[in-house]
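I have a structure I would like to understand better, so I am pasting it below and will then ask my questions one at a time.
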């Protein structure tokens, strides 16, 4: 039976603090890309060209139903085949950004579709132009349900960053594996990674919930 | 859609131009014919109530007039001008959005489920159209809205969101919101159907006041036979997408000429 | 066609990998469904201790990453004398992780069954367990099927991670092919298409068929 060594935990702490920073950076950067790409995917599914709509729809489905790990490998290794070498960080952020962009476009779509038809009709009945109806009536109501989804995927992207370790991004998981290889200690590094994830994602999920409720209250739509 | 010349006039002229005219209006949902070559005229200032069994096309009449539905045949005229169509090269072509928006400004509507904007206060709901569409200043829009909220007895709830209002209160705000656009035609689509019995009179008394003080043309779909009888100039009984029978309320309710009307009225009165 | 050559050369490995992925997927799904039902019901228990265990389980598995859990189970558990074969560790980790998400779906669906249904069952004087099994769960099942459709796709995607503990699934095989040939587009591209085909042509239609069958059975269609 193996013993938990607190000494090792303190010794490793600085490296994990550093790696936590990198993990948060990867999650934040990937999320930034995803938020924008999600809007692009959404817009492309609403253009008046059926071919673009269908192609985008199919692309979003493809991204959502295949493993992120595979997409990370794809982005990282396809470049060199054509003479284009991407740094692990670049490839990782692109892969994770596109993956979550596909999810976020569905969140945006769901938010807009959750606004009852009667709201559109009432906007029409007071003769609001379409753009104004979106801006004043539909989007403010689409926001609270979208915030919940967006927040969940922010936590989700954070929890998926360990996959970037496979192409050598030095985030938490990569650091733990390196330490394991150096010291033949696995208990503390992997447990610490788990604990760090728990310590960040649980409060984050709580904050997302609180934020959603706050927005609802702010808009006078408390459930 | 091209229309035969002469069959549908480019505009209605002369004495006694109706405020609303449905001419051979057809509406289908797939194979289902909801309105079957409907003809209906409503005179300026007239209050017309539409009754009939569910699925008879009553609500569709109002929704088409509000341009919430597309038209599959025929033409609707409002205030002498085609609503669903516009004039191009001496003929009628389907209306574009500019024409639709110009014509729509003459019409206001209240819905069964109120459809108030939940993220705006009662006052915000009323000011939305005047500010965003009519481009009134906020001060003017607020004055106009407060006057109307006063009229429907909701002035003290001006800063409440819809979720804090009862059904009757929400519907009164919805009426004020529609009136704030100064329409010439008001449409009431089963405005009391979603209300608890004890608050129905809040809404009907507002409509009653509107009839006596405003020179509005009104179309109302309702299941409140007593109210329809008291307030209407004319009652239309719809059956299977067309008007089975119409006339002054006293006549239609006292001595219906058609068997179907009689059956419907008996069934409804028995239920009450 | 160079791509046809590629398929011909590596077809056996691709098929072997796909078969392993399919096995991992079915076993992980079975684990996830059992775990979800168990902890979902425990989460609704009136007993505080039982409820706390369920909350702890769900929050820990949802709060940390699947990859972390997989490595913990495979690399750390042996240190406590629990040696799991990599194949078993693989689908077990995926199933335990996804089951935590599923438990929340179970709980949400049970709570979404209208109160009147519970009350009607009480009025018929049914015992508590019968109310749950005969009245509430069948309706809850129908409510939770659509979100389970998404979760099952997540399970399929999750199984790709088992390649990282050297289970020879599709992900593992195409990675080996890439290392040997540097044909990344063909190797990873083929795998993406295979996963997509499994999700789109098999998993989703099956879930839809199940939804329709259940809807018919409960008289909702």
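Brief remarks follow.
First chain written, first letter: the chains are A, B and C, and each begins at residue 1.
FYI, a residue touches a chain if its C-beta (ideal position, glycine included) is under 8 Å from a C-beta of that chain, and two chains touch if they have at least 3 such contacts.
Please read all numbers here as calculations on a predicted model, not as lab measurements.
Relative to the centroid of all protein Cα atoms, the closest per-chain Cα centroid is that of A. Set against one another, A-C and A-B show the most C-beta pairs in contact at A-C.
Between chain B and chain C, the centres computed from C-alpha atoms are 52 Å apart. A straight line joining the Cα centres of chain A and chain C is 20 Å long. Measuring from the averaged C-alpha position of chain A to that of chain B gives a distance of 47 Å.
If you check the complex, the residues on chain C that touch chain A are 59-60, 62-69, 71-72, 75-76, 79-81, 153, 156-161, 163-164, 171, 174-175, 178, 182-185, 188-189, 191-192, 195-196, 199-200, 204.
Looking at the complex, you find that chain A touches chain C at residues 1-2, 61-62, 64-71, 73-74, 77-78, 80-81, 159-163, 165-166, 173, 176-177, 180, 186-187, 190-191, 193-194, 197-198, 201-202, 205. Those residues of chain B that touch chain A in the complex are listed here as 66-68, 101, 104-105, 107-109, 111, 113, 115-121, 128-129, 132-133, 161-163, 174, 177-178, 180-181.
Against chain B, in their complex, chain A makes its touches with residues 116, 118-119, 121-122, 124-129, 132, 136-137, 140-141, 219-222.
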